[in-house]
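First the structure, which I've put down as structure tokens, then a few questions once you've had a look.
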């Protein structure tokens, strides 16, 4: 068997369009899920037991169900409740919903890494709870929360391929549409894999930079 | 939820559930020994083999699972390897699982104290015996928690088989939803089934960890 | 504590000739030679990173030396023996580690019978009988069914010594055997070692316990930066060290102990 990449230039624009949608999906989910995850993590520390209980149950459900099922749910259910979205926004909603809970786990771990003495010391100085949180606690959570946060973030990119199942024209579905026509699946898939690898590499570089930064923060912050 | 519809589509859902269980069991059974073998070969640090394994494992971990499944199912025939959807899904998901799992196992193996190797070698024990009698038993309690987490991820991952036309649980639920326009019944029901499966695995994990702790008189949180 | 009498034969038990060991650019052992006679107890002292522990690991080829020779009981150690033969020779050399390194998933008894059965080919019955003998010798006859995590550090180290003795070694290497112990547990381990010396075991002991060295060791070897800077009869070296490094080192040790 010989690989024949001569057909690739013709289909390159289609793949590139797919890669662009993949990138859009990744960035949108990142931007939406991060602040929601932040809020969820803070609510997890709320004093109200019912709130904590509901959040833990939701977190367990969203992280226990296959992401693909959640994508299907959004695809079929959102129009029924009056939200007639295109496939892409619908996938963004679905992916953001479960990623927010993964991020919340990372942030909760970060919050728990701050010693209780920090709260006590800040309160003893007369700082308000809000001020304590923003000025004292949150800056200290970042070093512990960042590495798991970024590793979840890299999962988003790989997860975007699921959106192919709900008619989002991202890279995996673009590749499939192309090779169904050209009958050269291996070549097209190799090119698609290479594009994913490049996108991965970019995220990986960000991750390493982030981890180095976090490690420095941790050393500096714990002396 | 609409129980009447659930009963109407029960045969398809039941079939889907069985297929999901089959894929999950098959991928776990195939991936575990392969992962163990990869981990051992990586630990043995044979020069060329090690480099090849590093590249292969990380290439697989870099790619979306959907692309790996496409490679097996659509790319296979180009290599003269025409597989049924079910076989392709099981092979693709096993490859993914083995790559991730080998890293989990390797982490457990290398977490065993180096002094254990030294003491065993000083007594004249052979490498094979050191591995089987000294290292593996100590690594197992360390490997079980990440292994079970991985197993749950693999059960969720079995839903991806639907992307290569396998009629498993997610596919059955989404098909029923698209026919009846009632995702609330079918997708929520399927989600509940997934949660029950992973719940059972979590219970098994708790039991296994308790059993191992008692067996080896381990104190919680380490040796 | 008084001097522990023991009989030293003329026959050489351990010879190390021009051992050299480097890790990358770091020189751990530089041209180290020493010999130990049968029944002799050798105390090895020196600062941390001076090469004492590396020497022990080179003697039984846990860490093969880059060059030089090791001869144990008249027979050469080395990779040339082949993997299997080297393993069997290694089993003739008992080793006790600072961190005990007992197998945590085995009971005390299992720790003692594993290697005799696997390496020496003893039956379970023979190995168990020998193990019980040794446990009685180190005063732990009632602990055979316990797991290491249920024992004190001193008890664990006594088990580790019994485990090494179960192979009926010709030489025993001790790598700072009491350094990881709480002070009140040190003496029970040293007593086991004194008994062993009195029974005529050839011993190389890396230690900071100067009282023990004075009571038991026939000779002292002082290491500094991968070299032997001084060696001689215990009393002489302790009373009148020649080399400035060993003077400084021994002064510091004697002050603290």
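Chains: A, B and C, in written order; residue numbering restarts at 1 for each.
By our rule, a contact is a pair of C-beta atoms (placed from the backbone, for glycine too) under 8 Å apart; a residue touches a chain by one contact, two chains touch by 3 or more.
Keep in mind that this is a model prediction, so the values were computed, not measured.
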Required steps from subunit B to subunit C (each step between touching chains, minimum): 1
Chain whose average C-alpha position is farthest from subunit C's own: A
Whole-Å separation of chain centres (CA-atom averages), subunit B against subunit C: 46
Distance between chain centroids, defined by C-alpha means - subunit A, subunit B (Å): 22
For subunit A paired with subunit C, centre-to-centre distance based on mean C-alpha positions, whole Å: 55
Parts of subunit A lying in touch with subunit B, wherever the complex brings them together: 1, 60-61, 64-69, 72-73, 76-77, 80, 157-162, 164-165, 172, 175-176, 179, 184-186, 189, 192-193, 196-197, 200
Residue ranges of subunit C in contact with subunit B within the complex: 57, 60, 62, 84, 87-88, 90-91, 93-95, 97, 99, 101-105, 114-115, 118-119, 147, 149-150, 160, 163-164, 167
Touching residues on subunit B, where the partner in the complex is subunit A: 59, 62-67, 70-71, 74-75, 77-80, 152, 156-160, 162-163, 170, 173-174, 177-178, 181, 183-184, 187-188, 190-191, 194-195, 198-199
Sites on subunit B touched by subunit C in the complex: 113, 115-116, 118-126, 129, 133-134, 137-138, 215-219, 223
